[in-house]
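We just call them A, B and C in the order they show up, numbering each chain from 1.
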Amino acid sequence: MYEEVLKVVDLKKRFGNNEVLKGVSFSIGKGETKVVIGPSGAGKSTMLRCINRLVEPDGGKIYFKGDEITSKNVDIKKIRSRIGFVFQHFNLFKHLTALDNVKIGLKIVKKMSDKEATERAYKALKMVRLEDCASKYPAQLSGGQQQRVAIARALAMDPEIILFDEPTSALDPELVGEVLDVMKELSKKHVTMLVVTHEIGFALGVADEILFFYDGVIWERGKPQEIIYKPKKKETKDFLRRIFELYSRGEEE
Amino acid sequence: MQVPLSDALPFLAKGAYIAIVLSLLSIFLGFVIGIVVAIAETYGGRVVRYIAMGYENILRGIPLIAIYFILFFSLPLLLHIGMSAFLTAVVGLGIRSSAYQSQIFRSSIQSVDKGQIEAALSLGMSRGETILHIVLPQALRFSIAPWLNEYAVVLKDTSIALVLGIVELTEKATQLVQVTKDPFLWYGIAAVFYLIIVLTVVTIANRISEKYRIKGLGGMIRV
Amino acid sequence: MNYEYILSELSKGIVCTLELTALVFIGGFLFGFILSVGRTYGSRFIRWLSIGYIELIRGTPMLLQILIIGFGLPIAIRNYYPDFTINSFWAVSIAMILNSGAYQAEYFRGAFNSLEFGQTEAGLALGMSKWEIVKNILLPQAIRRAFPNFTNELIYILKYSSLAMILSVHEMTYQAKSVGAVTFRYGEIYLLLGALYLAFAFALAQIMKVVEMKVYIPGVTTRVEKRGLL
């Protein structure tokens, strides 16, 4: 039964003279995985940050589980604790161990007891297969491990949806796979996910819908097989062609 | 007792003049010694380096007042070397500043791109020529901002010379306060004097330092 | 040569100096933190006030500030309450705390500014309040990043505590002078004084180094590091 988790209506944002979001609209239902692709610097990160209001939108409305979260009276901290966010540069708290990174939100925001928080945190680390690294500091972990801890940190809060902002773009190529594997597992477990990424393979594998973001709006959307192999609009075709050239050039040589 | 501004201002101005003269003499003494110590510590043999390091550490670990007393009392009494109060003030502040300036110059020298030195040597320049023509000119450019900050420190510390009986600005202001029982006016004027000079110097230094960064020096100088 | 006398008088001075140093460092730390929070997160008025205060302190000699509070202020008060006296030790302490706080506020500010915005973003994304973020995420990192500055500040306070002798506070330098006056051996006494300051400066630096190592967290130091581990 379809249950709407997130609805974005006509989202607008400008920085100075630069209109970055010109009216973005889409919605995500419970258990769905939607992937946003598009040219770099177009505003995809800004769009994600508007959803949990790390960036304040200039126009439009956002509904989270039916409630309008763009209105003034909303306790945004409470909302944020129900929306998970995984950053491109991980943003793990550098002075805390992996376990403490996962625990801190639980203790401070969800006000859990230390015992409960530790249990939950371990469970989350197990889900990303890093329970052995619990007492390591971020500086002692590889990029892929750090990002997985960041995913655990978001998961432990038991969010209704997790937003991923290019989670593998800052990783060395050989580390990308371990993070994508974790994300695929989550998707298969019906975690509601909105993922901004260049990883077309991931999108093809688990996305329920792909949104092509271009010129400040969702230019085209559809099922993965349709968008990737039978794109309708010119800009979508151009973008996908450039991506495939990027991936296939290596093979020719 | 009241002292009219027409009398007090020239009185204070003399103190300000002494403070400025003292600060300039000391900073330049510190400059000359500082460069020598910096070069000794960067390019010298082991003995020379240890002496330079010892010099730096001693002069940075002892308060200025103690340096003054050692120069003004221990030197004459134990080694029969006597200096006037003013000379002691200049030398004391100068050698203390030299210890901090040498650190500025050392960091600046080390910030000069190693590739420059390799290029100079490859052309056939001697070590001395490389230092003189390639390293020092660039190092000095890096030093300007921190050096200006050091000047601000020196100017402020000229006030300490009053323990030697030097009647600089702070001492003059104190005398006026004793006589008129109005601390805020006279200390206020003295504060304004220091503020104007220090803020000007530090602002110029900040402008310059935006152009030339020194790695690892940030925060070491307490301005 | 009554060595016992010299020893006991100097010891009194040493204790006084150390007390003054510790008091001022801790007071300056707390005051500096509050000041830096006001300067970074306060309303426009508070920020303006904090910046003005910091520039005022940094732009004038510490000795002048000590004289204003330890000498000038009592004189002003005596214009109304002729019997007013202050304890010079406390007057100097307050003046030096007001001074040190301004500098330590800047160390905090520099350290806070050097932290990546991503740390704050991650805290916000979890739903933390600004204050929770400052207390749990930013402050622990800032202190470690600014550690060398705090060490320098401690040594600086040790040295400038000598200015208290001008207001007849019986710290090390004052005691050395008074011992010199009694024994007439000014020459040796002042050299000894210098050696004592060196010894304590060295000792304090070592202690701070040990503390720095105890609170060390890999990845959270003063050395500029690359973005994450890629």
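In the analysis below, a residue touches a chain if its C-beta (ideal position, glycine included) is under 8 Å from a C-beta of that chain, and two chains touch if they have at least 3 such contacts.
The model shown is predicted, which means the values in this text are computed figures rather than measured ones.
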**OP:** Give me the chains shared as neighbours by subunit B and subunit C.
**Re:** none
**OP:** Sort the other chains by how far their Cα centres are from that of subunit A and give me the top one.
**Re:** B
**OP:** Could you grab the centroid distance between subunit B and subunit C? Build each centroid from C-alpha atoms only and quote it in angstrom.
**Re:** 21
Original post:
Whole-Å distance, subunit A centre to subunit B centre, using C-alpha means?
Top reply: 55
Subject >> Inter-centroid spacing, subunit C versus subunit A (mean Cα positions, whole Å) >> reply: 46
Original post:
Considering the complex alone, what residue numbers of subunit C touch subunit A?
Top reply: 116, 118-119, 121-129, 132, 136-137, 140-141, 144, 217-220, 225, 227-230
**OP:** Show which residues of subunit A lie in contact with subunit C when the two form their complex.
**Re:** 52, 54, 77-85, 87, 89-95, 104-105, 108-109, 137-143, 146, 150, 153, 157, 170-172
Original post:
Can you name the residues of subunit B that touch subunit C in the complex?
Top reply: 57-58, 61-67, 69-70, 73-74, 76-78, 156-160, 162-163, 170, 173-174, 177-178, 181-184, 187, 190-191, 194-195, 198-199, 202, 215, 218-220, 222-223
Original post:
Touching subunit B in the complex: which residues of subunit C?
Top reply: 55-56, 58-64, 67-68, 71-73, 75-76, 78-79, 103, 107, 110, 146, 148-149, 152-153, 155-156, 159-163, 165-166, 173, 176-177, 180, 186-188, 190-191, 193-194, 197-198, 201-202, 224
